[in-house]
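Down below are the structures I want you to see.
Each of the next two complexes has chain A plus one other chain: chain B in the first, chain C in the second.
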Partner chain A sequence: MSQETLQATSPVTAPGLKSAGRDLTLVWYGLGIAALLAAPFFFYPIFLVKVLCFALFACAFNLLLGSCGLLSFGHAAFFGAAGYVAGHAAKEWGLPFEAALVCGTAAAAAVGLLFGYVSVRRQGLQFAMITLALAQLVYFLALQLPFTHAEDGLSAIPRGKVLGTFDLDNIFVLYYATAVVFLIGFVAMHRMTNSTFGQLLKAIRDNEPRAISLGYEVHRYKLMAFVLSATMAGLAGSTKAIAFKIVALTDVHWSTSGSVILMTLLGGLGTLFGPVVGAAVVVSMEDYLADSGLPINAVIGAIFILCILLFRRGIVGEIQHRFGKR
Partner chain B sequence: MRVSGFAASALALMLASTCAQAQIANGSIKIGVLTDLSGGYEQNSGNGSVEAAKMAAEDFGGKINGIPITVLAGDHQNKPDVGVSLANRWFDIDKVDVITDLVNSAVGFAVLDIAKSKNRMVLLTSAGSADFTGKACDPDHSVHWVYDTYQIGRTIGQAVPQLGKSWFFITADYAFGLGLEQAVIASIKPFGATVVGSVKAPLGTTDFSSFVLQAQASKAEVVALNNGGDDGINSVKAAREFGLIAGGQKIAALGLDSLPAIKSTSLEVAQGSMFTTTWTPDINPEAAAFMKRFIERRKTAPSTFQVGTYSAVLNYLKAVQATNSTDPKTVIAKMRATPVKDAFTNAGVLREDGRMVHDVFLVQVKTPAESKGEWDLIKVVRQMKGEDVFRPLSDNACPALAKK
Partner chain C sequence: MSMQALFGQLLVGLINGSFYAMLSLGLAIIFGLLGITNIAQGAFYMLGGFTTWMLFRWAGIGYFWALLLVPVIVGLVGAAIEKTLLRRVYNLDHMYGLLLTFGIMMFIQGMFVYFFATAGRPYAVPPELGGAYNLGFMFLPKYRGWVVLASVVFCFATWFAIEKTSLGRTLRAATENPTLTRAFGVNVPGLMTVGFGIGVALAGAAGVLAAPIYPVSPLMGADLIIVVFAVVVVGGMGSILGSIVTSMMLGLLEGLTKVVYPQGSNMVIFVIMFVVLLIRPAGLFGRER
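Up next is the complex of A and B:
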């Protein structure tokens, strides 16, 4: 199933269609940026901040699963660990917003390197289980280490000011700062998937023995992809920690790893905007059903079942598939 | 365009004039119950807390000085970020004045921080960290009503004379169980108690025979059942089958903490076990009446957190009525000046650090013969003074207070 989706949605590479494809991408980018600029006037900014953080997280996950075919079941470890480090840096070391983000992201990259080193030699279920096991180790560290404050969470993290001038406690400033971080991450990941490196990852995903026979050291490329994905997940986690002023055990819990898989599959695995749409859907449900009186988990579960039964390519995947046919 | 502009300014004028009459912001009193409506804390907080808050609002006829009281319910799903974004939305868009319940301390700390920055307030009734009146204390925006971890430890320590000096622990083998065991040992040691033995039972154990036999052989005066849920029920059952209480040992059921939990264990099984609690239904007629009313609506007895939520909201609304204001500082000042006497406690005092100090109890589960009704389940062994179990102000735990 995933193979088919990916073929249908991979960037158009035939020479004659290349410029058309690029134009279309630019149009999408234009629409996306316009939507990002206008959104806080229609929706509550803090809700949008949450959507963007989780969208970036889901894109990072998609980078690994979509282009490399590796299903990690431990991405919450990078998301949460980065959050803890960024939160600690901002709160206890008094670092400014940007420096805290860098600290958190770097921490996630380091954890990613460690995880990747152990896990990329395996595939499929084994890979998923190794990442899950390692992520559980991070969870128990978060439970035991004093600086995380275990069940109480690391709270009252100061947001600080962007570039030392714009106060992030203003929710519009917070939103636009998050939007910029999101765009940087998103564009970086998009560039990566469309580069030679990205093509190579796809080659490894589709036929690993052949990539080996062509002389590529596949494990090294997989490790690079893994670390990049962890880094981007860390950027998302750090931003969320500062924006929400809290990091708690849920951020490193396996259910968060599950939730990001859900977001990616719901939106459309391997598509450019799929993870963003998936994150928006899941976060909206979590937030707007919270005071509606409906049983949230049951609703999310039902939607996931419907998605699996009726549109397996995910929301964006299905739309692209229909348009592609025409 | 012009007409609508005129209408808007007229409306603004009207609003301005109503605001001038009453100090209550936005012409509404809104109480948000932020709790766990779908997870593990639902039974003790959850929908019961929402109902309790509604009952408090109904005591005022749903209105104060003609201004309607609204109760909103939110499910934070035990995810602090959901709690944070919902609390922000409630404060910014729905203009909620106060958020209560806040089970799950991570959510509690996060929401307290938001309330502080937006000058609203929280009534913490289900969250238990002692840091709410310690490191994180904010006396002008938060009130901690029912219990805290410091008080639980002290209460068990104070109960040593009634329970006994030598203790044996049957502990559920996971982080929470082990943590609780450490905390209980730390709190009973200063009162001269010793630990004669301890076994770790795997989570989900159905046959507690071997553990209970070890406890019996240890000849400890107190056997502490440090577990909850089905494990709690199964271990209490095993202790009964092997006749620990009949043999003169005392059972301290640390996970048995509310009437519904005893009810689901059944009196036949749980009889004679002891535990500590912040509330019992026979403290006064109001408590009995509240319990009856609650059972009519929810078909089950309230937990201590739920009664606490009712009491906190009730006293909050009384202060709003008296001051005709929803400004946190004004309302909290009034709440401090008014002694608490209601269904939750006979003599409660809201201290300047935000801690509501009230009496707590060591109770014992009744025998089926002693029980005179469906919910007549416990009897008080000892009442403990609030000032003996809650952290004293002289500890100077609250930094915000020291600055003043």
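Up next is the complex of A and C:
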């Protein structure tokens, strides 16, 4: 990512603005939570569940790109692998909702550790190519391992009950449970970005040789960020698997990795709320296009092209730029 | 297992290796000159296959003319795309180039799926190359031998053009130091268009060679490009001969896996990439920068 776009879109963490920024962030949080609470009364809850799952996924992707400058082209691997494990845990092992999420998320973290270990030592385009190829490995595994059921995927995954009492088959319960998961993930990632660790990642991103000369073990921090990002993508994937009762090969396919990149790009790379906005736009667009008879992938490709040529800051990035917020 | 099956699969491996070689060579040229990793390379390969099919179906133009015309057509399409789209992202981070070509790939493939659906279309082997030789230990279908031969010729010609001709020298100069090359009065932006055209033309040529073997379908290049990426990572960036050797080697290994452990055949290259990254992160022939 180029230096100037990052400066323009980096979150509100400039040293002098810290307290003002924090107040403003709290306001945004208040508005966000109010919106989360009210949303199911205005939109179809299942649609919102899908948006939230992909929003969390996009935030996880953005975490790696925004804070480390690492463009992963294989995040579907974590999303899908977690989905398969969570689905299997809920369906075959009969684990409750929460335990299934933990299993899925842990699986994504493990895959993330494995992939991160070999990929973070490479940079830029090589990193993108490696993650794409590693994700394809997961895709072929999903095609051939017995528990993923190849082309059929996992279906009829039981949703179960939250805390053993609230039945997730009620779509409002499902929505609010997803909203809580989303919020936990979102806050965790936001806190991480603003922590010392997050600052260090930014230092590495902006000037790696300098961070090395200061004695930091750069690869280790990058690996930590990679695993965290994979874990959050896994949380999103697990939630999606249980909420929609299905995991299929599309969840591990490279087109899903591309889709999450588009969400982040459209919403605004490196911005706090950009991925959420982008996810909402892309999910609604896909829902709309699915019935329109238009060539959905070609339209998405065209949006990708236009976005990169004309609209690189994304929706949230553009708004921040217009209002001079730095 | 029979020797026939073993050699048959090794031959398939060699053919796949040839396609990897042509695609990764194109990638290397484009990356060297433009600093862009062209993920749409697979889509241009598909475009090559489809143009071959369309030329025959709609204009009655046969295989050998296609072998001559299609790379030119695909190259021109590529040059047009470079002039209108890619040109605008050169001064941005490399990441945007990759994302832009990803969008181009989605667009081209999406349009072809829309108009032609995903089913494969057969393309007849040209009669001159039909039949097979009996080598004693196996039957070698003439066309398959031809594919390996033709791709070696294509790769060698490209290597020769880059290393030994004056156009190649200028191209390499522009890769090494575009500003200085420009100061000598060389039209570097024009060279970049030509370089991108040549790079995708190689993919187009691979598409022509593939048409009689693999069914021509809009998604024929979608998964191939990911394998080619893995091949490039294994070989390491920067060495033309290295990428050709790696391609052939990995193609053969893939064929061998098909005989020994068929379930693993589509994963073996990725597993090898994983191991190579553990041992030699810069790739087999790459230099640590």
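Assume the second predicted complex is superposed on the first by the 308 of 326 C-alpha atoms of A that agree within 3 Å, B and C clash if a C-alpha of one lies under 4 Å from a C-alpha of the other, contacts with A are read in each partner's own complex, and residues count from 1 in each chain.
As a convention for this text, a residue touches a chain if its C-beta (ideal position, glycine included) is under 8 Å from a C-beta of that chain, and two chains touch if they have at least 3 such contacts.
All figures in this text were calculated on a predicted structure; none of them were measured in a lab.
A.B. asks: Consider chain A as the common anchor and indicate whether chain B and chain C clash or fit when overlaid.
C.D. replies: clash
A.B. asks: Of the partners chain B and chain C, which touch A:Ile296 in the superposed model: first, second, both, neither?
C.D. replies: Both: A:Ile296 reaches chain B and chain C.
A.B. asks: In the superposed arrangement, does chain B or chain C reach more residues of chain A?
C.D. replies: When the residues of chain A touched by each partner are counted, C comes out ahead.
A.B. asks: Let me test your reading of the model: by the given contact rule, A:Gly258 touches which partner, first (chain B), second (chain C), both or neither?
C.D. replies: A:Gly258: touches chain C, not chain B.
A.B. asks: Under the stated touch criterion, which partner chain does A:Trp28 make contact with: chain B (first), chain C (second), both, or neither?
C.D. replies: After superposition on chain A, A:Trp28 lies in contact with neither partner.
A.B. asks: Given the touch rule stated above, what does A:Asp287 touch, chain B (first), chain C (second), both, or neither?
C.D. replies: first
A.B. asks: In the overlaid three-chain picture, which partner chain does A:Gln126 touch, first (chain B) or second (chain C), both, or neither?
C.D. replies: In the superposition, A:Gln126 touches chain C alone.
A.B. asks: Can A:Phe43 be said to touch chain B (first), chain C (second), both, or neither?
C.D. replies: Neither chain B nor chain C is touched by A:Phe43.
A.B. asks: Going by the clash criterion at the top, which of the stretches 9-17, 117-125 or 225-233 from chain B hits chain C after superposition?
C.D. replies: The overlap with chain C comes from chain B residues 225-233.
A.B. asks: Which chain A residues come up in both lists, the one for chain B and the one for chain C?
C.D. replies: Common to the two interfaces on chain A: residues 295-297.
A.B. asks: Over in the complex, which chain A residues touch chain C? Could you list them?
C.D. replies: 1-2, 5, 71, 73, 118-119, 121-122, 124-126, 128-130, 132-134, 136-137, 140-141, 144, 254, 258, 261, 265, 295-305, 307-309, 312
A.B. asks: Enumerate the contact residues on chain B facing chain A in the complex.
C.D. replies: Residues of chain B touching chain A: 38, 72-82, 84-86, 88-90, 92-93, 105-106, 109-110, 113-114, 117, 129, 131, 136, 175.
A.B. asks: Considering only the defined contacts, which chain C positions touch chain A in the complex?
C.D. replies: Residues of chain C touching chain A: 31, 37, 85, 88-89, 92-96, 98-100, 102-111, 113-114, 223, 226-227, 229-230, 232-233, 237, 263, 266-267, 270-271, 273-274, 277-278, 281.
A.B. asks: For chain A, which residues count as touching chain B in their complex?
C.D. replies: Listed in rising order, the residues are 44, 46-47, 50, 143, 151-153, 155-156, 169, 171, 240, 244-246, 248-251, 286-287, 289-291, 293, 295-297.
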